[in-house]
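In order of appearance the chains are A, B and C, and numbering begins at 1 in each one.
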């Protein structure tokens, strides 16, 4: 480098200014995320009444204990089921919708786009209530299906394990597909139209252009939405809590819901154990996000 | 530019080819709008009609609204929700855009590493930090204040990331030119960056406002000692609980809770799309 | 230059956010609404508290008490009735500041959080608390509570079973509000169609009851009973009617508990034979099965009555009686479910006022309080004295002009006291899951054993 001292000082000044820009956000995240997380770790090594926590013996007892906790294992299973079924369906639908809406010849594009996005403007509490009422045994979906002759009698969607899971998945798809679609649509709009023209001249059909051009160019967006969705699904709470209450017989309970029950379920308040559980969730999310980033990068 | 005639001749053929697209989109839109339509009709029906799945408009809108006003401090909660959401959005945008700007335009190895560390915070489950955070807020005597509400959400990795990504589109030449003109680093941020990044701010504002508006778990923990601090989701939860629930009134509440975020989205829709576009480049 | 801009911006944001966070009384929107809600005073107090930086939720004004309660159609009218009573007869300046919570668990969480922060000053003077969970909260947070020691209250007026939840080592912590005595209400018109009367349902065995239920379903298409399948209220009530608990000497007692197993068997058979309908959750239970008119019978704590009464068309068709038992042959079942009491917290700065207020209203069987609570909220007392009032002895049109309220107060004296546990909640969810699994085909003994193991797991926590 051939810099004189004056330039270095200017550069140094700029760098220092750079740090000032980061400072407020960084401090806040450390104080309000990492420090509480550290405290939660300390709590995770303790047990007893929240007012008088004591160290467990052995010290990692709360962690070893969860291996025998059938309900926790079940909640992990449920969460991963949502992850494996719902996330791919939702993201594929979102890309598909984005692709369709990116067509310049399409009429009413703005209207379609707004309607597709609209669900994610509803609050979580509200949308859980809406879906609960729609899928109630005497609710609308049942009366439609019975009137059409598809069902003989009203079906208890939320009271049957497999269908309760299905309702949660449908509700998640309803709420989040439009949200992800917005990101894909934005990604698509960054792709030059000429790339498609060129492909057309080369004789590629729609399917080929989609896999050959759209998906590779969208990859960074896909990785980002994947990480957001994995994160969101592993921390899934409201749907389990408000839509099914984790039932029937805990068949839809998620990890976060189970952790919440351990902290704030009536008469429980087992902060130590629930903190240990949340640490495990944190590790799972971090590992999955890491794998995702690696896989996403490899094809570069 | 091609001849207009050719375009016209082509257009009907193109529209014909798009028919499956239209059909699919119409179906999807019905799927995504129907629950909202039902929410609106339900707000105009009596409780029993709602429970039995009536889907046309009824005559109970006025009654439901009156019951809602009698049961809960609707306007107070609406005002609270606006207050919390606006304060949170303004502070969050300010703090996170500063950080995003700093991380991108002054980036070096140390800052990139720090950014990676901050991203980890995105993976911290909310339930895990709730208890220690409550203790902090309680110790600071901030329970039932707007500060308790906003503190955990004014600096989020997601927002920082969004501003960082968008800042890539910010022309560095302008900065150099401004520096030559003698503008300080902070002045560049306020005079150059802020106006250029309008659409990013709009997109971030939509997301931040929606998050703040819909937030329920945390306010329930830090604001449940004071009815006059309640926000809209808490009000809905009050309506939905109890030995007996009036569904018409409940849906009227849900309607009041959902409409503001939708309006905001409608208003900022264009800028929102542009802002997101910048963030995924 | 740059400093000025930064400080200007910072000042701007601070001012904006400060203005937004502490609404001044003259802010037009705020004052108009609070006035409309008639809460100007309460709001002003909370503001004053916030301004002095003391987040203390309990009232400091000598004549005001703050209370947490849930359910604006039930408990809150009862509290308002007591407030009016006390204002009229004791202290005209008295004010009760009711902070509505969306559900009972919100109150429990407020105690848990305050306890974990080691600072009970966030609690109000009085909390409404679920009877079943109170013991656990005294064990975990002994410093959160104040008792009624030193107050002049005739406790003998209340049912022993009700008091057993709130009395610990002989010390009274809770003031009963409602009465959880179980009623079994039947639609007499539907019973008649199947060839029965309300008297046929009294003192029968559960086996006989199931047979009747089958006929009722065949002739009318209605279930004889529905219940929230997400909880264990049904087995709990049936077990209590036998005088048996899910716990024994502090330990969980399911797999070796023959009575418990028989009861689970009744429930499973009933569910399979279309006699019992298990709803998905609480709102499904009340709104679909009861208000949705799916059932010919309702068995629950008597606070379920307002829900039954929501279906105006069925007025005059309902009557109530006691529960069946395993044994039958004229043996009637009595149990209690739900219900809550008022507890004074250690944060109450004016203990005497709180004790006096509760003691002279709910605690003295005050007709004025209880009659209004019954009329406005459907809250039925467990005070024998209050149960003698004219209002209680009126025939109720909805229940075919029978005096159901007096009947319930009488029934409450017969409820047996059974062992309670700190682990009521985990037991509740585990037993509910076991029942659902058995109905879906799992082995009964294995499922019950599994539930027991899970509760033990929680107990070791």
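As a working rule, a contact is a pair of C-beta atoms (placed from the backbone, for glycine too) under 8 Å apart; a residue touches a chain by one contact, two chains touch by 3 or more.
In this text, all values refer to a predicted model and were calculated from it rather than measured experimentally.
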Chain located farthest away, centre of subunit B as origin (C-alpha): C
Chain pair showing more contacts of the two, B-C and A-B: A-B
Subunit B-subunit C separation of Cα centroids, rounded to whole Å: 37
Distance from subunit B to subunit A - Cα centre to Cα centre, in angstrom: 16
Residue numbers of subunit A (touch at least two other chains): 50, 136, 138, 263, 271
In subunit B, residues with contacts to at least two other chains: 51-52, 131, 135, 184-186, 237, 240, 247
Multi-chain contact residues (two or more partners), subunit C: 109, 116, 283, 287-288, 292
Residue ranges of subunit B in contact with subunit A within the complex: 11, 14-15, 18, 21-22, 24-25, 28-29, 31-33, 35-36, 38-39, 42, 50-53, 55, 95-96, 98-99, 101-103, 105-108, 111, 114, 118, 120-133, 135-136, 151-152, 154-155, 157-158, 160, 184-186, 189, 210, 213-214, 216-217, 232-233, 236-237, 240, 247, 250, 254, 257-258, 261-262, 265-266, 269, 272-273, 276-281
Interfacial residue positions of subunit C with respect to subunit A in the complex: 104-105, 108-109, 112, 115-116, 118, 130, 132-133, 136-137, 139-141, 143-144, 229-230, 278-281, 283-284, 287-288, 292, 294, 422-426, 429, 432-433, 436-437, 440, 450, 454, 457-458, 460-461
Subunit A residues within the subunit C interface of the complex: 47, 49-51, 65, 68-71, 132, 136-138, 156, 158-159, 161, 164, 244-245, 247-250, 263-273
Of all residues in subunit B, those that touch subunit C in their complex: 47-48, 51-52, 71, 73, 75-76, 79, 83, 86-87, 90-91, 94, 131, 134-135, 138-139, 141-147, 184-187, 190, 220-221, 224-228, 234, 237-238, 240-245, 247
Contact set on subunit C toward subunit B in their complex: 1-2, 5-6, 9, 13, 16-17, 20-23, 29-30, 33-34, 36-37, 39, 42-43, 46, 50, 53-55, 57, 68, 70-74, 99-103, 106, 109-110, 113-114, 116-117, 119, 122-124, 283, 286-288, 291-292, 303-304, 306-307, 310
